[in-house]
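Labels run A, B, C, D and E following the written order; every chain starts at residue 1.
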Amino acid sequence: MPRGLKKRSRKAGLPPGTLIHIGERLSDTTKISLIDYDGEHLTEKNIQSVDELRIFKDKPTVTWVHIDGIHEIGLLEQLGVVFELHPLILEDILNTDQRPKMEDLGEYLFIVLKRFCEACDEHNDITSEQISIILGPGYVISLQEKEGHLLDPLRERLRTAKGRVRKAGADYLAYSIIDAILDSYFGILERLGERIEMEEEVLVNHPAQSTLQAIQHLKRDMIFLRRSVWPLRETIAALERSESALIQDATGIYLKDVYDHTVQVIDTVETYRDMLSGMIDIYLSSLSNRMNQVMKVLTIIATIFMPMTFLAGVYGMNFRHFPELEWSWGYPLFWIVNLAVAAVMLIMFKRKKWL
Amino acid sequence: MPRGLKKRSRKAGLPPGTLIHIGERLSDTTKISLIDYDGEHLTEKNIQSVDELRIFKDKPTVTWVHIDGIHEIGLLEQLGVVFELHPLILEDILNTDQRPKMEDLGEYLFIVLKRFCEACDEHNDITSEQISIILGPGYVISLQEKEGHLLDPLRERLRTAKGRVRKAGADYLAYSIIDAILDSYFGILERLGERIEMEEEVLVNHPAQSTLQAIQHLKRDMIFLRRSVWPLRETIAALERSESALIQDATGIYLKDVYDHTVQVIDTVETYRDMLSGMIDIYLSSLSNRMNQVMKVLTIIATIFMPMTFLAGVYGMNFRHFPELEWSWGYPLFWIVNLAVAAVMLIMFKRKKWL
Amino acid sequence: MPRGLKKRSRKAGLPPGTLIHIGERLSDTTKISLIDYDGEHLTEKNIQSVDELRIFKDKPTVTWVHIDGIHEIGLLEQLGVVFELHPLILEDILNTDQRPKMEDLGEYLFIVLKRFCEACDEHNDITSEQISIILGPGYVISLQEKEGHLLDPLRERLRTAKGRVRKAGADYLAYSIIDAILDSYFGILERLGERIEMEEEVLVNHPAQSTLQAIQHLKRDMIFLRRSVWPLRETIAALERSESALIQDATGIYLKDVYDHTVQVIDTVETYRDMLSGMIDIYLSSLSNRMNQVMKVLTIIATIFMPMTFLAGVYGMNFRHFPELEWSWGYPLFWIVNLAVAAVMLIMFKRKKWL
Amino acid sequence: MPRGLKKRSRKAGLPPGTLIHIGERLSDTTKISLIDYDGEHLTEKNIQSVDELRIFKDKPTVTWVHIDGIHEIGLLEQLGVVFELHPLILEDILNTDQRPKMEDLGEYLFIVLKRFCEACDEHNDITSEQISIILGPGYVISLQEKEGHLLDPLRERLRTAKGRVRKAGADYLAYSIIDAILDSYFGILERLGERIEMEEEVLVNHPAQSTLQAIQHLKRDMIFLRRSVWPLRETIAALERSESALIQDATGIYLKDVYDHTVQVIDTVETYRDMLSGMIDIYLSSLSNRMNQVMKVLTIIATIFMPMTFLAGVYGMNFRHFPELEWSWGYPLFWIVNLAVAAVMLIMFKRKKWL
Amino acid sequence: MPRGLKKRSRKAGLPPGTLIHIGERLSDTTKISLIDYDGEHLTEKNIQSVDELRIFKDKPTVTWVHIDGIHEIGLLEQLGVVFELHPLILEDILNTDQRPKMEDLGEYLFIVLKRFCEACDEHNDITSEQISIILGPGYVISLQEKEGHLLDPLRERLRTAKGRVRKAGADYLAYSIIDAILDSYFGILERLGERIEMEEEVLVNHPAQSTLQAIQHLKRDMIFLRRSVWPLRETIAALERSESALIQDATGIYLKDVYDHTVQVIDTVETYRDMLSGMIDIYLSSLSNRMNQVMKVLTIIATIFMPMTFLAGVYGMNFRHFPELEWSWGYPLFWIVNLAVAAVMLIMFKRKKWL
């Protein structure tokens, strides 16, 4: 079953906007952290109750609320009240089998992205985690399924006021989060590339049915990645072209840069797919080749020994009148003839390049 | 024959708009039920004659007429009179091999959808049932081929005034029906996913010609689903973009949500198709592998016994002058030589990884 | 050679607009029939000379001229004079390897369609016949390659004033002709569907090289159908979108209906193609399977008899010192050993599921 | 190497607009012929020096300059001066590996087309020749790589004032040249169709590796044709849609006709490709079938003779106590048993349909 | 791993616009050369410090700054200051796994291209080098990863004032650089075409598993080329359509010419891909053919010798009552029968065309 589709049918019959967590629960705890900053000051704190966020929301500073763990439905409902989010948006956050997408709701933008983890579960599969971003006027809310270190460098940059991020607005912050997620894709692709190279070497040296299964496994990983990466491109393109007042003109070139990255990721995924298809061809032809090898051995053996066995059978016959048997040099002659026949055969096979 | 095409040719030569039921008759009875509601009141009753509907049609409340069983042509004609429907629309309702589509006739919208049933007939095939929806000002007519429980949760929500549906208009009701149909797709896909996984396991452990047939069967199911699901996307998109006055702006975001669901369904169907193609490759290569295995056994047996049989033949010859036969240790030597040859062969095969 | 391309090169070097019949001549006679009608009256007669048509052309009634057999070039030229048709249009009528198309020449619309005949020639191939329709103000001219019964029901409806056709204009008449042609496609598709099902059964039970050829034959039929059906869709779509004054608004919904039918035909053709591809896969894998079967038989026989033959050879040797030969229970022991070896082999093959 | 790419790299490093002939030189002589005409008069002469053309260029008549052989760079440069052609256009004329294209340079239109020759070189390959057409106000210049008879019928029509061409303008002349080129495609396609049919017959009766090579050769020819024919469609479409004042409205319908022809050519090429793919499938399965045949013969022989040989070996053993050997009817019994075994085997094979 | 992706993940977590060199470092030195010219004068010098460029930048002449070796980050930063380049542009210059692209930043255009080197690394792979071009008002900056002779002919043309380049502006210079890069593609394609032809010959004469690997290697090269060449087309098209004031109208036709070249390159790459696919088909069927050959030899040998060996075994039996053994012409008869059987078999095989 495609990963992420699990439990989707639990929603059948419920009214739209009903908050039910869909997908595997990746974390049991929920943690809300807040960073509130402008060019000069930065406040960082852990939040216990969503109500604390009200004060920050309307301040002229940029407010970044990051939530790790999304299964606590009550908390999400409160968030919906404080930030006036549409119930369908809250439903989308909980429904972790979303495709990447961007929605402009006027008051705020809603962005869904995926990050990937390679060889993270027991089957060595690629798994994905949904990251939702809400970009409103002066605030960014990011929600992640489980705690991770993906955004730590961004936090550090905010604290040390490194780069452009402290001087720019909420849209640049949202961009930075998206950029961080996309940067993580390249690591995944590099490791997949290494695995493909490894299988390629195995394929050339010791092809086996398990090699094919490994290739098919990688191919399926590519299907999985593709499924997320193509809509990602549309998402980023929609963001870039968006005429929302929430995105400043100066951020446009950064979004274009992210767009170029997604195209590069797609390119790489497609290249991998082509490579894997080629490897399947090589595997199948190596099967035929080995079969040819086996058959040649059999044919050579049969071609050499069948005539000789026949001859031995002939001189084992019990005819009364059998002149050769009486010849004193009959037996040595038999060997000479046989060896000659075998030699001729071997030379012929050599010529046909079967040996 | 593709399911649903049956009996289509019965219509050849008849004037357009002639009402003839096309497709398998899934039900023998016809049942009309009516729910009429606004924020405060809800009337629910079974209807005997279509004329009863006239009074409800023009009331400011939302009127939902649901018809199970569509083969009674007289009833449909009456419906056409009461709600002023175009004859071609009535024809489309009866013709159950329609593709999903949306048509804006100004006065009302006509929507055709499919629901699916997996493993419902004797061949374990996916079967489909056509659901037609007519959305007019203040009323919704839904027509289903046979009675089912698909819309029961929606009725319950109407009765208990749960969710947004009682407060919203006829367009939201139509949306809710569409949403219920689409939710049912996920259950089908999950079960198909499980069957694919099952076949995959069989494929790895005991591949047989029947496995291929099962895979091809699933693949054909995918073709069948695809055929309905792609036009579904266009249908929903047309609905979302529609500028009909019948659809209020507030419903737009809900239709967008349904659209996202159809895209997810398409994604899953395409992923399944890719998986099934990969499985066919694995099956074919497993055939080659088994052939290799069989041929290796034959070659090993022949390579070991042919030389030995030749040697036995040699010492069965009746040459008069045959020194070896006289040797007292001739016979034991024969066995020693033979066993040595066999051992050398076996070591060689071991090295070639044939054993 | 693709059907219909025949004799096309005869035109090379001739000026455009030269009237030469291209394609197989399907009929030797030419018959012109006329139906002239309005809501109240209907005149029907056979026409000897094209000049007779002049009077009808300018009457306010709807005039339908139907011509069976198109090879009489003189007649066509006269027609061109009377109805002021462009020479290239006349050329297109004669050139029966046209793709379906619609051309708006301002004064009139020119529509080319194909009807099909399944299993009509000696090779059991699908053959096609070109039907040209000219829709002018108040008249429709339809030209068919050979006489047929396709349009009889339409004539009957005109005579009996059944359906909408007598009340509507020339555009509705043209639509009715197109609809009749398209309805005939469904019969073809049903019969092809039955042939596919039949081959499928043969494939599962007795696959043979002839099955593959039958599948390829059907596949080629699909290529042939596809070639006509895809441009048909464009043609009907162009007609529907056309802003020609010759097509009244009320006819739009009927053309939309025809358009839906063409999409359904395309869908079915594509589904058949997918089914046939799957059948080729099954056929190829059944070949491999049968090979596996043959090889297993050979390997089992060889594996059982080669060791036994070797042993028989051993005890046929003529060594002087050969203790076993002297044993009184030597011969029975030989059989016991042999049968034991064979039994062990058979059990092993049973375990490997080769038997 | 794809035909036409040869010598392309000779241009690397040279300034754009440098006139160098690229491609194979198909002719050694250059011949300029002129036809100047209007409705009443026609002048025809061979031209020695390009300067002679100046007088004709500005006359109100239509001037057709045809050049056979394009390698004389000096001549082309003069032409560029007289008709004020852009250096890049001259470069394109010399560079014979152009794709078909149309360029509107305001003062004149530049059109590049290909004509084909089937089985013209020593490899039986399809070869192509570039024909460039320049359509200016009142003149047409056509340039062909080598002299040929392609345009003779057009010249004849001009001389005899047959058809519309003498009355129409330069644009109709250009159209007539294009039409003549396109008409020649149908002859090529018919001959290719015949070769495909021939190979198909060989394939069914005596498939061999050489058949596959012939099919692949034809397939490559299709790739080659396709490469020219697809851009041809764009070219003609661009010409048709062109709003250049050089093309009169009345010529539009003729260009539409040519456009239909190109679509037909594309259709045929694609159909051939599909047919060739199907033939490769048939070839590959015929290989498997023959292998099956060979293996069945081997298996039948082995299955019949191995048990019999074993039995003969048994009665050749030298056990002292061997009761059967003493039986007087032992030998006849041996044959009876053997023949019975063989008969049973043969019946079994018959049942399995191996014989 | 796809070439060029290496070390991409080093950037994860860093703020956008951070200058880090990504990709293999192809050169260790950095060299800046300047050519400043107008119609009359030309200054050429090597630059030590970027500051020297300030004076040239604002002169009315055309200034061409060419930099070989891009890894010196400090230098790039200075360049960014002097020419007011956006940090993301500098980042793109350093990031050598960019796809070809064109960006219009208002003040200047930024163009990324690739040049290729065939068989340049130890694996005989195609390698690529990134060339970045910045076209500003009156200046062009080109940056190349390592020193090369690609642009030498252009420099020579500038010095000798050959062609149009000295008279035209900076946009024509940029075009000339792009044209030089594209011209180099044709050389690569020709050499690849030769390698394909070579492999084709090997394939027909001595197909081996290594042939397949060579074909797959070439196929992968095509994937690599394709990945760069398709975006190249978009890039050039964007440049051509660009409404930037930096590109004069007169340059449009030159860019159109370059665009035609890229389409030709794409065509060739696609043709090569098709050819390579056909070669894989031929390879696989040659494997089957050889297998057929091997099996026929085996079957012929077995079919001839098995019956003969059986017969020899029969007359080696020790039945007491064995009349044939006593016949004086028994032994010669045995040979006659055997030779007759063998002859019949051989004739049969001849008829079946197995010999």
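Here is the rule we use: a contact is a pair of C-beta atoms (placed from the backbone, for glycine too) under 8 Å apart; a residue touches a chain by one contact, two chains touch by 3 or more.
The model shown is predicted, which means the values in this text are computed figures rather than measured ones.
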{"item": "Chain D and chain A - chains in contact with each", "value": "E"}
{"item": "Rotation in the CA alignment of chain A with chain E, degrees, nearest 5", "value": "70"}
{"item": "Computed distance of Cα centres, chain E from chain B, in Å", "value": "42"}
{"item": "Geometric centre distance via CA averages, chain B-chain A, whole Å", "value": "26"}
{"item": "Multi-chain contact sites of chain D, meaning residues that touch two or more partners", "value": "284, 288, 291, 295, 298, 302, 306, 309, 313, 316-318, 322"}
{"item": "Topology of the chain contact graph, where touching chains are joined (line, ring, star, complete, other)", "value": "ring"}
{"item": "Parts of chain B lying in touch with chain A, wherever the complex brings them together", "value": "152-154, 157, 162-165, 176, 179-180, 183-184, 186-187, 189-190, 193-194, 196-197, 204, 253-254, 256-257, 260, 263-264, 267-268, 271-272, 274-275, 278, 281-282, 284-286, 288-289, 291-292, 295-296, 298-299, 302-303, 306-307, 309-310, 313-314, 316-323, 354"}
{"item": "Of all residues in chain E, those that touch chain A in their complex", "value": "1-2, 5-6, 8-9, 11-18, 86, 88, 91-92, 97-99, 101, 103, 105, 206, 209, 212-213, 216, 219-220, 223-224, 227, 231, 280, 283-284, 287-288, 290-291, 294-295, 297-298, 301-302, 305-306, 308-309, 312-313, 315-318, 322, 324-331, 334"}
